[in-house]
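In the two assemblies presented below, chain A is common to both, partnered first by chain B and then by chain C.
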Partner chain A sequence: MFSWLEKNPFFFAVGVFIVIAFAGLVEIVPDFAQQSRPVAGAKPYDLLKLAGRNVYIKDSCNACHSQLIRPFKSETDRYGMYSLNGEYAYDRPFLWGSKRTGPDLHRVGNYRTSDWHANHMWDPISVVPGSIMPAYKHMFTNETDLETAYAEAVTVKKVFNVPYDKDIDGDGKIDVPLGSFEEAKERALKEALKVAEETKREDLVQMVKSGKIPEIVALIAYLNGLK
Partner chain B sequence: MQNPAIEYDYTVAKWFSYLAILFGIIGMGVGVWIAFELAFPELNYVAGEYTLFSRLRPLHTNAVAFGFTLSGIFATWYYVGQRVLKVSMAESKFLMAVGKLHFWLYFITILLAVVTLLTRYTTSKEYAQLEWPIDILVVIWWVLWGISIFGLIGIRREKTLYISLWYYIATFLGVAMLYLFNNMEVPTYFVAGMGDIMHSVSMYAGTNDAMVQWWYGHNAVAFVFTVPIIAMIYYYLPKESGQPVYSYKLSLLSFWGLMFVYLWAGGHHLIYSTVPDWMQTMGSVFSVILILPSWGSALNMLLTMKGEWGQLKENPLIKFMVLASTFYMLSTLEGPIQSIKSVNALAHFTDWIPGHVHDGTLGWVGFMIIAAIMHMAPRFYKREIYSKKLLEMQFWLQTTGIVLYFSSMWIAGITQGMMWRAVDQYGNLAYSFIDTVTVLHPYYTLRGIGGLFYFIGLFMWAYNFYKTMTAAKQIEKEPAFATPMAG
Partner chain C sequence: MNWLSDNVNQLALLGAAAILILTIGVTWKYFKQIKEGKSEGELKEENWDGIGEYKNNSPVGWSLAFIGTMIWGIWYWFFGYPLDAYSQIGEYNEEVKAYQARFESKWANPTKEDLLGMGEGVYLVQCSPCHGIDGTGIEGKAQDLTKRFINKEQVLSVIEHGSAALGDKVMDGQGQLGYPMGEMPPGLLSGADAVAVAEYVANGFKGNDKGAELYQSACASCHGPDGTGMDGMAPNLKEYDDKLIAAVLEHGKVGIIGTMPSFKGRLTKVQEKAVATYIRSLSE
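What follows is the complex of A and B.
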């Protein structure tokens, strides 16, 4: 059979394809639907957090930080409750990372504050002596791209039925409002101002007041939401 | 056994060889730089935000995987393909045009990849960072490569497909499948009508996204760093040594075994994550089984040298290839060990993983591509290799570099893994995270030096290649086996 295949490239190629495609079908397809289910209480990211998440992605924070707490005592002691499948239901893409050059961040919102992050991202060594993390000063001046984040929210709402503008927990109130871009932006600015004030940095507060959200503020909003 | 009537056309093979050298130097240069950044963080600020570790790391992986390695794969395809099918590219204007278009589109894509990664366009998925417009370009030249493969097969004179071709075909099909499914993404601009036109959002969420990504990520390693490299060694080692492949049956077993087993093993990247337990176990078990077909190929190559080990002393190209096989064996034993759940609990997220990747890529992939291109150079230009001595020096320098690299990363990884879990007598964590970082400084330095050795070797390679092309002694007839070299 093999020597026949080696003289018939078409059937050879078909044979190879079947053999390699098999594993993916068996491993990925069966649990696909179940794994898409959000855990109770999970909510999609609001506009500011989504924009902050995009900053996280743009500067590849995931190259050094994981967002996956494994079920070992040494990890739950250090980072908090181990990660659950349903917590990631609105993560597109997933940001588990594959290398902990720095610590895990999946629940960093539980134990770090806005001013800690701001100081740390401005000059890591002043906060954590011996740190090898570089400063991310450009995030303090770059303006957050809210429009792209809004476009992403609209896309996942339309294409994947992500529950924006919906009552998720059945208490009669909308959980994560999105609305029009103007409405969403106004909400984001309000939340950004709160975060900027928490950082105790006047330049950030002034920038938000002038209607521009610095990337660092959006990023901190996102990190604060990781719980 | 050459058919004197066929005059092979190496135009495209030459072009891709130049790119392999160019992207090798760029990609590994960036690699050395970021290795030293981990030891000396001030290096992050040399060119503002553009030299931050996190910005350069995806650039490094993309440049070596899709710049250096793919160039090497294509260069060898446009050389080996013609020769094992006994048909020249010059016989078909169409295939020649396809080959050239393939080259130019590929070149443009890699340049765009560099620019977009530096300007923060990334999907964040490892080895799939490129945004959707570039993904489309990739698909186009991948299809062109497929046309080249099956087109050349269509007009072949030799009816039976040689082993190398099995692996090139598998590379084409495997990467096509993986790349398409993992890069399924929705460009947000076209749904919402606003925002950045380059931006897209993944078709999969959370755990599913992770599963598809590591099914891809692991098997991109399979079909870029393994399968096509085996294609190369099955051609170049028997050619260079003049020895027939040791066993046809072993090559059959290894090929079909590798095809079937490899794809299951992706789950070992997700052990103790939130993917279903049965899948983690499958990933673990199949990783161990993977030793069989991997060692099958490697042993088949080593046994090809049976009775001819003297060549190892005489011929640096044989040295490169034999050590490549050996590193392949090391790497394919180390990987399964890391996939065992209890070992993975320690190794995952540590530097042992990049250590593992690099003994495979530097030792196996890099050495094989270097040897293949130096085997081809005298046949491209009808000249001897310019300097055997330089090639020998390169071999020893780079080998030392690899050993420094993986041994330092073994120590670093295991040290850090042990410190993360260490507890004092009361059961409290013994170290804060930063303790587990500062302790790594000497190993990071050593790793950087190892990488630097390998990097310097690349310049020796480039110089030797250039001199072979322009200044080496001319030869009248193409050598049948061992490549002629001057002092």
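What follows is the complex of A and C.
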């Protein structure tokens, strides 16, 4: 049989393809399994959080902070429940990271508050003595790019069918509304004002009230949503 | 020759000797074959420009190993792996279970020193980012745990807003911390009366006579005449007792300073007690 294959290069190529494709199937098929579906309660990022996520990527937070809690007692003690595949369903791209110069942030919303983040990002050593994290003061004045975040949300909604403007959990209400850019921006400003007030910084509150969202507010909204 | 008494060393020595003898033997055999060996056996029919090939059957041992590997592969693929698959989460669950059992037996009856040590460790990891390494609350960013409890502004704020109304936390009338007495309603006192009680309570239940009188009529029915909360019916206003720390850790807290997140499920009962012991030691 094999000598016949050697004399028929076309069928030999088909055989080689099947053998190699099998290895591919082993790696690809599990990704479609149930455990990779969004976990119950997983929701896509709203506009403000998505913009905050873009700030997170832009300032390379993922170079020092991971977002993946491994199933070891030492990690779950410090960071909380280990991460599940389905929790990353709406992460494009995922931000698992590969190096922990700083701590893991996958559930940071459970144990830090808006004002803590603001203090920490303004001057890390003021709350964590000995911290080597740099200050991110430019985030307090830079304006968040909502347009790009909105374009991203609309794109994933249309191309990947991400459930914006849909009732995900079946309670008859729309879970993550998006709508037109004006509607989404108004909603983002409302949420941003709440976060800005929680930070207890008057400059941030004033900036949001004037219709601009500082990057730090979007980033904190994103971090608070990591649970 | 002391090292030879160890049987692992003996085994290693034996192995080294075997490898040496085998190497010498095999080398000798091949050198001999190169020198004296003659080609023998039956030639195959094909030849390429006069260069032929002997008919060599594959060695029996090799063939058996090859077939054995295929059989094992089929068994492993269809039976062995699916039935006896390694599970990382399973290993994690066992690790946690074994650790909890060890933890509980080791700290079944901790002494005060044990609790202080454990409490300091837990505090530094979980609490110090907001309350500060020294417990002073980092210049008002969080509750100052080194001082004797609540200050005047905090008491006034709770009297004005009630215990559940700060922030948007709704606890079904349970109050923020889930004490049996339930939610403290807003506006029990106002104006100068509230200030008097606030001064009295913040001063460690002394000083302001008018405040003391008003406290007994307005607050004592839940928080107790001495302010210790009637054995856990309502929050203790005098010191950080175990129940208060456990309740704040479980429910989190919204107050005039800001929001403390809930640490529910992150600490064991012994650890909560240890943190309470450590926090009390800060104000001593």
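One rule holds for everything that comes next: the second predicted complex is superposed on the first by the 194 of 227 C-alpha atoms of A that agree within 3 Å, B and C clash if a C-alpha of one lies under 4 Å from a C-alpha of the other, contacts with A are read in each partner's own complex, and residues count from 1 in each chain.
The rule we apply is simple: a residue touches a chain if its C-beta (ideal position, glycine included) is under 8 Å from a C-beta of that chain, and two chains touch if they have at least 3 such contacts.
Here the structure is a predicted model, which is why all the values come from computation and not from measurement.
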item	value
Contacts of A:F32 with chain B and chain C, given as first, second, both or neither	first
Contacts of A:K190 with chain B and chain C, given as first, second, both or neither	neither
Chain B versus chain C as contact partner of A:K227, first or second or both or neither	neither
Winner by number of chain A residues touched, once chain B and chain C are compared	B
First (chain B), second (chain C), both or neither touched by A:F94	first
Chain B versus chain C as contact partner of A:P71, first or second or both or neither	both
Partner chain(s) touched by A:A21 [first = chain B, second = chain C, both, neither]	first
Touching partner for A:V128 - first (chain B), second (chain C), both, neither	both
Which of chain B and chain C A:A151 touches, first, second, both or neither	first
Partner chain in contact with A:F181 - chain B first, chain C second, else both or neither	first
Interface residues of chain A shared between complexes with chain B and chain C	71-72, 77-78, 128-129
Chain C residues touching chain A - in the complex, by the definition given at the top	88-89, 91-92, 95-96, 99, 125-126, 129-130, 132-133, 138, 141, 258-263, 266
Contact set on chain B toward chain A in their complex	37-38, 41, 44-45, 48-49, 52-55, 57-58, 120-126, 150, 153, 159-161, 166, 169-170, 173-174, 177, 181, 186, 188-189, 191-196, 199, 201-202, 204-213, 215, 252, 256, 259-260, 262-264, 266-267, 269, 272-276, 279, 282, 286, 345, 348-351, 353-354, 420-421, 423, 428-429, 433-434, 437-438
Residues of chain A that touch chain C when the two form their complex	71-73, 76-78, 80, 82, 110-116, 119, 126-129, 198, 200
Touching residues (chain side chain A, partner chain B) in the complex	2-3, 6-7, 9, 12-13, 16-17, 19-24, 27-28, 31-32, 35-36, 54, 57-64, 66, 68, 70-72, 74-75, 77-78, 83-85, 87-103, 128-138, 145, 147-152, 154-156, 158-160, 181
